[in-house]
């Protein structure tokens, strides 16, 4: 039997502002699920998270509580995707790995947001991938994939088609200081988890849902890590 | 000892868009709490709820699930107010009356959003008022109080200073058909709950936080029901 | 595939005092379930609720806590029906819509009591009907259906075979003051929920379980609303 | 500081049928609590449990599920006592020892029913006594205390004022076969727990609430074990 | 359809020290499950429980809390067996009968440790057997079965092939005082539960996993009670 | 008022094998708590975690489930410390930040183990420090503090008394590849959390509990970061 796959989608994409994209993603995921694939999805907090976090920070809230707010926002986005997936999805958003595993028994697509403060939704996706024995984690981001340089600064920046875990770690470490935002592509914890369980990472541009369809079919798209 | 009070605030007011108002409300509630008052707050879903509900409805979601989404959104707003209240508030948002009662034991301000689909946040506020023996429910709305006619249509509409539960019920029944939105001021279930436990209702204009300060001090403001 | 159906049964009927009726209802529901139908059941609190509520009220308990007691009693009645349904039923009584949805995934009959204070078991049934996409809510009550006048006062009261949501609302509003008990047939929240999702309501006399069998087969019985 | 005390009360006594007794018990417990004593209470299932268990058994329910039903009934009775205790009691009924310990932190009287199938409410009381370091468990039963023979058969049966754990064990073992109902006074698990932690047991006639007042004041009443 | 079976395994056997045995047990249980049998497993706390309990007792911990620690240890052992069973097992360890019943709906092997303080893992196994309608409880212990005398003292002690519930009760009562450790074979509560539901008990030597295979096939091994 | 402090203690130290150390730590923490300090403690999984993880890995378990096992083991160690702290500690081990915050309201010492797979106990400690507004996180490790080189390889390795977050990050990044085990001192996520909220880190040798006493009194000991 085919191994399960985990799809991480940016909360900027699965959001009330992009309802057309949510429909497209729902169609593609339902289609893949109907053919017998097992799929887990993790959705980020996006603009809603940003707005609430900025507001709460100005009220003097601790960073840990801001993380909780971001997690709550990611779960709202997860509900949107569940709405789009209809009976193909489990109706509930799991709050931790134990709940995820329980809902996973249903055979349906399970859609999560964040789990705990101090843990990114990328780390959640990686941990879920481990727990269900997935061999691939498709990450639908806001950019085309991983570049060798910051593409916003370097005209000759080149999209990398394939790289190893260690190379990605070096890029992430560099980018922490030099490339604001790139850090959000993935984080060291998520990467360590992926590496320890040899889970392949596929970074795709999430603004085009067709990229997910390609990645699910195993076609070459974006950047492959691992 | 003074009886506890419940404050219901519209989610349009407690929201990331109105962070100045959230600060004002936090200051007033902390001040009142520091003087020894026991306060429970219920916050609505506001614009965030509206946006997510509209999006999910267009995805073919059932109304009950839309209610769940609205409840989740109201809890995000509740977290904002908790952030503003700091150590005066219990850090968690209760998901049902049992959790509320547990957090209430802490002596702190407890801030809730919605509880269950099919139950408005006004009904939640009324049920909480009953459970803690509150004798007043202050409802910070988007209008000055209850009018004898729809003020958007009738120039001579008059703000009512005081009316009975039965009168309010008649107004609500009329407004269901003739006055869109007014129904959201309060609903029959919340009203039945308030009436059966003789809880006085104070409807104030929430855009001016000073109205809450007045209502908490027992000064005349807005419309008194009961 | 046939749409799911929700059956609401009075707690006066599903009770230790009427174990023969519980057996009959179990047989009819198992039979319908075995033919492939998906069924959710909501049971009221009945005499047990009444006894405990009366006792607790005399002890000075708040109305909200009385509601909790009524909910607990309704769950005891739900357990009775689960006992009768055997392996056709999910073994647990859900405490809220999220738990209901989780148990619903099992494919079995799920039997609920009440959910939250301030929410009737009729409202619970209507919300569940929405959430699972039911198109019918069969309400097994203590009377034959909806009458045009109070049958206990008017000899010429006529059982209505069919009426619209609006007509039922008017009858309920009238009955609140003039016809004690009739209000318990259904309440405005439940009605609003049913109307917004176009769920047909079938009111039958629950003292005769055959009426449920007829209603499940789609035969004409009692009063149809919607 | 005085050690906490656990009070076990028969569900036959704390019930809707004996609301006068519930009031008396509430008054005595509130009075003792107000003087600074820490008190946990466990209430049995009584007539409600009996009625529902008999009904469910006739429906073919497993004994384990009957135990669950009995536990649910005991929690209804626990709510009655909580209603009588008002603000002296924690508002919630704990479902297991962890919940009990959490509510116990409030400083209020905590009232439990049963915890798990296969575990009597007497065993629950003994386990709670251990967990909170109580040195006494007062057991308000339907009889005057422990007799040397079955008083319903032997005119010369003598109430025992004091006996050891081992003696009580022998009486319970004998009574299992020869004296129906006596087994319900206490069970081997509860006794083992009491013995291993040297918790004194006081068996009193619960039909007279004054006996509890005496036992709480440390006066001689009923049978003392340990 | 064949009735479900419950297997209780000593925590001395399912432990990190005996990983070979865990593998053997996993193979046998998976094999039986794959042939369509429904199996619940309960695992004891073993050496880990012993070590933590001894340590906590020396710190002045109550016996009830020691029980909680023993339960936690038994759940660690349960996780080991779940790891060995892979996709044949439900991934979560139930904490009470309600959770067990929910996981049991998945059709997979469910592995529990203890449930509540004051309740042995043997009692948990018996209660589960009742709840799922099992007719056999196989108990993989550290000895060959039930003897007529203490085999460590009497050379002529004879392994009993078959005995009744009452005979086992007498042996357990005797052994409480005269035969340390034997009490742990089974306890009165577990026995009462087994007897009231006519569940046959098979005591086997768990150090040889083949004994479980035999017992599951219905072959004669160890001691049969009931 | 003094700010709260978080103490992270290695699971190698708080373990059944080192009961004398557990007593010492309990005495020091109780003493500090009695003087009015607010303290949260996080305990690692130690040898128990190691043993169970190694065993489960050999059974073919996923890394995420191994993390769950490690978390369960850390909670067993947390219970040991709670046993030692007696009534100074909240009796329950929180499973996530929300539960932690609820228990924290009790004013007692709260002792946690791990929270979620993919998140180290150091990260848990850092997140808790943020959430409660702690300005210091004392980390009782197995070594004297942070060295400029690997002390096991370089005789001239020097213990660093004070360094910045960035310096520690560089040391951790280097050590990931060159210095096995050092990574376990702290991890990037925990460090990021500490840095974003300006929480000072104190690394001490946990084998000598006096070091904790010194650190709690604000005396210079081990390595200070931040």
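First chain written, first letter: the chains are A, B, C, D, E and F, and each begins at residue 1.
By definition in this document, a residue touches a chain if its C-beta (ideal position, glycine included) is under 8 Å from a C-beta of that chain, and two chains touch if they have at least 3 such contacts.
Bear in mind that the values here come from a model prediction, so they are computed numbers and not experimental data.
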Those chains which touch chain F and also touch chain C: A, B, D, E
Relative orientation of copies chain A and chain D, as a Cα rotation angle in degrees, nearest 5: 180
Centre-to-centre distance between chain E and chain B (centres being mean Cα positions), rounded to whole Å: 54
Averaged-CA centre spacing for the pair chain D and chain B, given as whole angstrom: 43
Residues of chain E touching at least two other chains: 65, 68, 91, 98, 102, 131
Chain contact graph, described as a line, ring, star, complete graph or other shape: other
Chain-to-chain touches, reported pairwise for every pair that qualifies: A-B, A-C, A-E, A-F, B-C, B-D, B-F, C-D, C-E, D-E, D-F, E-F
List of chain C residues in touch with chain A within their complex: 98, 101-102, 104-105, 131
Chain B to chain F touching residues, read off their complex: 90-92, 102-103, 106, 108
Interface residues, chain F side, partner chain E - complex: 15-16, 19, 22-23, 26, 48, 51-52, 54-56, 58-61, 65, 68-69, 72-73, 75-76, 79-80, 83-84, 86, 91
Chain B partner contacts - residues on chain C that touch it in the complex: 62-65, 67-68, 96-98, 115-119, 123-124, 126-128, 130-133, 173, 187-190, 193, 196-197
